[in-house]
Amino acid sequence: MHSSYYNIIENAYRLTKALEDKGKLATYIPELANVDPSNFGIHTTNLDGTNFGVGDNLKKFSIQSIAKVLSLTLAYKILGEEIWERVDVEPSGTKFDSLLLLESYEGIPRNPFINSGAIVICDILMTHLNNAHKDFLDFVRDVSDLPDLTYSDKIADSEKAKGYRNTALCNFIKSFDNINNEPEDVLDFYFDMCSLEMNCQQLSKTFTFLANGGRKLDGKKIISKGKAKRINAIMLTCGFYDESGEFAFRVGLPGKSGVGGGIVALYPQQYTIAVWSPKLNPNGNSFKGMTLLEEVTTHSELSIF
Amino acid sequence: MHSSYYNIIENAYRLTKALEDKGKLATYIPELANVDPSNFGIHTTNLDGTNFGVGDNLKKFSIQSIAKVLSLTLAYKILGEEIWERVDVEPSGTKFDSLLLLESYEGIPRNPFINSGAIVICDILMTHLNNAHKDFLDFVRDVSDLPDLTYSDKIADSEKAKGYRNTALCNFIKSFDNINNEPEDVLDFYFDMCSLEMNCQQLSKTFTFLANGGRKLDGKKIISKGKAKRINAIMLTCGFYDESGEFAFRVGLPGKSGVGGGIVALYPQQYTIAVWSPKLNPNGNSFKGMTLLEEVTTHSELSIF
Amino acid sequence: MHSSYYNIIENAYRLTKALEDKGKLATYIPELANVDPSNFGIHTTNLDGTNFGVGDNLKKFSIQSIAKVLSLTLAYKILGEEIWERVDVEPSGTKFDSLLLLESYEGIPRNPFINSGAIVICDILMTHLNNAHKDFLDFVRDVSDLPDLTYSDKIADSEKAKGYRNTALCNFIKSFDNINNEPEDVLDFYFDMCSLEMNCQQLSKTFTFLANGGRKLDGKKIISKGKAKRINAIMLTCGFYDESGEFAFRVGLPGKSGVGGGIVALYPQQYTIAVWSPKLNPNGNSFKGMTLLEEVTTHSELSIF
Amino acid sequence: MHSSYYNIIENAYRLTKALEDKGKLATYIPELANVDPSNFGIHTTNLDGTNFGVGDNLKKFSIQSIAKVLSLTLAYKILGEEIWERVDVEPSGTKFDSLLLLESYEGIPRNPFINSGAIVICDILMTHLNNAHKDFLDFVRDVSDLPDLTYSDKIADSEKAKGYRNTALCNFIKSFDNINNEPEDVLDFYFDMCSLEMNCQQLSKTFTFLANGGRKLDGKKIISKGKAKRINAIMLTCGFYDESGEFAFRVGLPGKSGVGGGIVALYPQQYTIAVWSPKLNPNGNSFKGMTLLEEVTTHSELSIF
């Protein structure tokens, strides 16, 4: 059964690789603009541990916003349902860094995956961890089985240097009293968090705990089954900024994208898939990544629907 | 296996019935305000045809917006993917009858389940059917195996008499050239469409085709498998107005609510469930209906996530 | 003194006439698109009754929204300060027919000169007059000394046939209970009200009562001095849609524009000026009209500032 | 003539003093919350140099946003009409520190008197002056004939410590490339600029140049006549946040308010008036100050309309 699925992946990869890439490199983080835009990889890991990849599946890239799922996981584990007093679980309906809704909802971000929401999650972690930078990294090292994983200072510094929009968001939320630490410190952690790098294989493996009821493949519990399901639900409704409905519609899996061009998606109880192609569509999601995942799920009938 | 699931439903029903109902009757459709607010029923139908219900599961109620899934199904079947040029598939992020986003997106409703989107779907059906009122009714009679189903003039007239917001929406969209027929005619059909009445048993049976890859339980094809999946995806991301994320998060099934207090949800390849309790929460969804479905899915582990 | 002022007007007219007209004809009212776009006239009336005009100052045109000042005058006279419970006096900051702010302010239009506000004023007149169509016309005939003035059915019908945006506005406000009559009837009156036609001479004479403390040149009192001042204040802050600040900045007089290309402005205690040039700038105000008035006020030092 | 006007002022003062103060002290700048809320003064200066005041007219208070008129004056003088490429002259229609419109207009503030606009003006001054802090202070010392005027570090530090909203605004504008200096530096200057203190007598004298065609009472030219008129126009349309229309309507003079409870207004060619009462209405303008000015202008017929 795996082999036919692997065939589908390989064929979908070749088909998509041949397509014209209508996306554009993200430019607002200068370091990301230096990435070779022709990189293109995919890797899938199923819950029995077997895995398969094609293309640039072993090259590291900046996972960016994909890390927001991991910071949410840690904060949700620590704070429980109380967390939803600080951030909501609704799709935003508007651009990913919009301040409009923040104003309407008086500083409560619509969900933990838009920038404003992820910044509030960072604030929560800073309040509840001894050393958020270190403790979060340790957590991700554990989840991913990558003991040498580190933040990329180069990426973090590059984003920080141009991080006016995020600085605006963080201070705006602070003005509504929904940030407890100093904005500058929260942002430092936020930029670190977004600077993690993985390759497609590592990324697909890291996310298996969410397809596996909250447990790593080795059985270690990361988070409860119920919470894992709920994180998956939020990925489905909010994982792709204002293209979340489109992704559910075309691909039909919970997932999360990053401006580095990575996307991770998962089929509960079965597989995870990570793809990477740096050029983004106008909504900030990997152009070829979206296309490739649509191809794979159409032919493999992977959709949860 | 069914029997334990039926047990869960029965227990969840009794538990929820005992709770204080914090909802309020919809008042903007005068006829709906006359309904006995203590009505409360649930019915589930599984794809082998067996079915089970509790409470007021055999009393008819106004399914209201739930019918939007059926009008979308018919329009999607007729027009194919072209339909998405007229309406988008993104969650709206704001109140169910907001004009804000219509203005930003120049008359393209965010999705087919908010009022503006459903009105555009009605316009499409009027253009492509000989007699939209009759042909749509015939379609629903076929899908539901209810040959005597009719529109409720009382409900339609009552909603029409107070339908200023929908009249505003329809004319606003028309001003952007995304309505082709006369607003008054489109609204007449829209109010008819929303006036259909079913009981929980009928409603759960009617929606089995969406859990069953587009086919009725007798095997008759209503819509293609791919389109059925996509409709399910839209129900998950957009079926509950600006509480869609919350429903995915708490219940984890594709579904659709109506202001009559009905909700239908489905677990692909397995079951459908319809609940009815007239009092609504502040987001316009049945207060006890939401609670009951959360209870059922929590204990039965029905979530697609 | 008058003669040097008339010289300024004549020179400014010639200068502006020679400029390229960067405006565009309004197209959303089909009849207005049939007007010869090269029409260009100006007429000034001072409070001693002397008056002077150049160009097409004696050709009739559709005064459109300029009539909103007259309907406000009549409603304010009837209802007094109570009127401000139904409509506010603040600039809208956004496009002239925006629904955004109506939603935020729950059906209270920002001011009586944007369409939504003028529609509420029409509703007020319908409630307080025996026959709003006839009584308002009589009022304008009196103010203007034009006993034969009539509504233009051609213009009213043309606007009505494409009046989807205004229908949307009226029904939207009705849904907030700030319209008491039937939307269709209110709109009929609104379209009639906007269909009045005058030439520049007539228009400048009609508005002298606002420059003259509420009295016509023959001394007849139309409205109290205090109310006249307040109407002037609203013209200054709200008379030019979202270009009101620009008009105050460049021209510095209270005034009101219409999509027919007319503008009337006034210098309290001194003069009124009416200009007409059909092509509009992107904000819906006469391109050459604005330019001409700026020329005149710059050279005559007419600004109230 | 002056004496009857002074009588009006004195009577209006006594009348207003006796009224219940429905306003509330500004709390977002902690230092301002320490001011005795019963302070209440008024002072008028006419262009012949005679002047008159009542109450706490000689007590210093924080003029706050009133200083934005002075920073605009200096920037306008330096940059000329080019300045309007960086900031618009339209009323905002929404709350004084809204980010909504900044997003719609891509970083161009609606006018120079809302916080975002004043921050852009500060950025302009920092670019064009050697030492903005010192040079602006020297300019205000000159305009006001107050050689010992200084910034209040206490006020500036207090506002800075809670300045999250302004930090958000500045960084947000920077993300649209409409701030050229470092946000932190621009804000430092902004907080200094807002920290100036004057009493009513000094404030009314300082603003005489705007009533006097751009010249101080001693004849020294501060800015051209045309520019003075235009600044007056902006004060009229934008001087009172989203209550600007109300102020024009009730008072009918160009003016500017500050959250310290001060208001300055002027009647071109005649007078200036400064009032101070610390408690603010819900729109952020002095409650008694607005009332007092309305009383004065109603009885003195000072309105420019």
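Per-chain numbering from 1; labels A, B, C and D assigned in written order.
FYI, contacts are C-beta pairs under 8 Å (C-beta built on N, C-alpha and C of every residue); 3 or more make two chains touch, one makes a residue touch a chain.
For clarity, every value in this text was computed on a predicted model and none was experimentally measured.
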Could you tell me which chains are in contact with chain C and with chain D alike? none
What is the touch distance from chain A to chain C, in steps? 2
Can you give the whole-Å distance between the Cα centres of chain A and chain D? 47
Would you mind pulling out the distance in Å between where the CA atoms of chain B average out and where those of chain D do? 55
How many angstrom between the C-alpha centroids of chain B and chain A? 32
Interface hub residues of chain B, defined as touching at least two other chains: none
Contact pairs between chains, per stated definition: A-B, A-D, B-C, C-D
Complex interface listing, chain A residues touching chain B: 88-94, 101, 110-111, 226, 228-230, 232-234, 236-238, 242-246, 248-249, 252, 254, 268, 298, 303-305
Show which residues of chain A lie in contact with chain D when the two form their complex. 98-100, 103, 164-165, 167-172, 174-175, 183
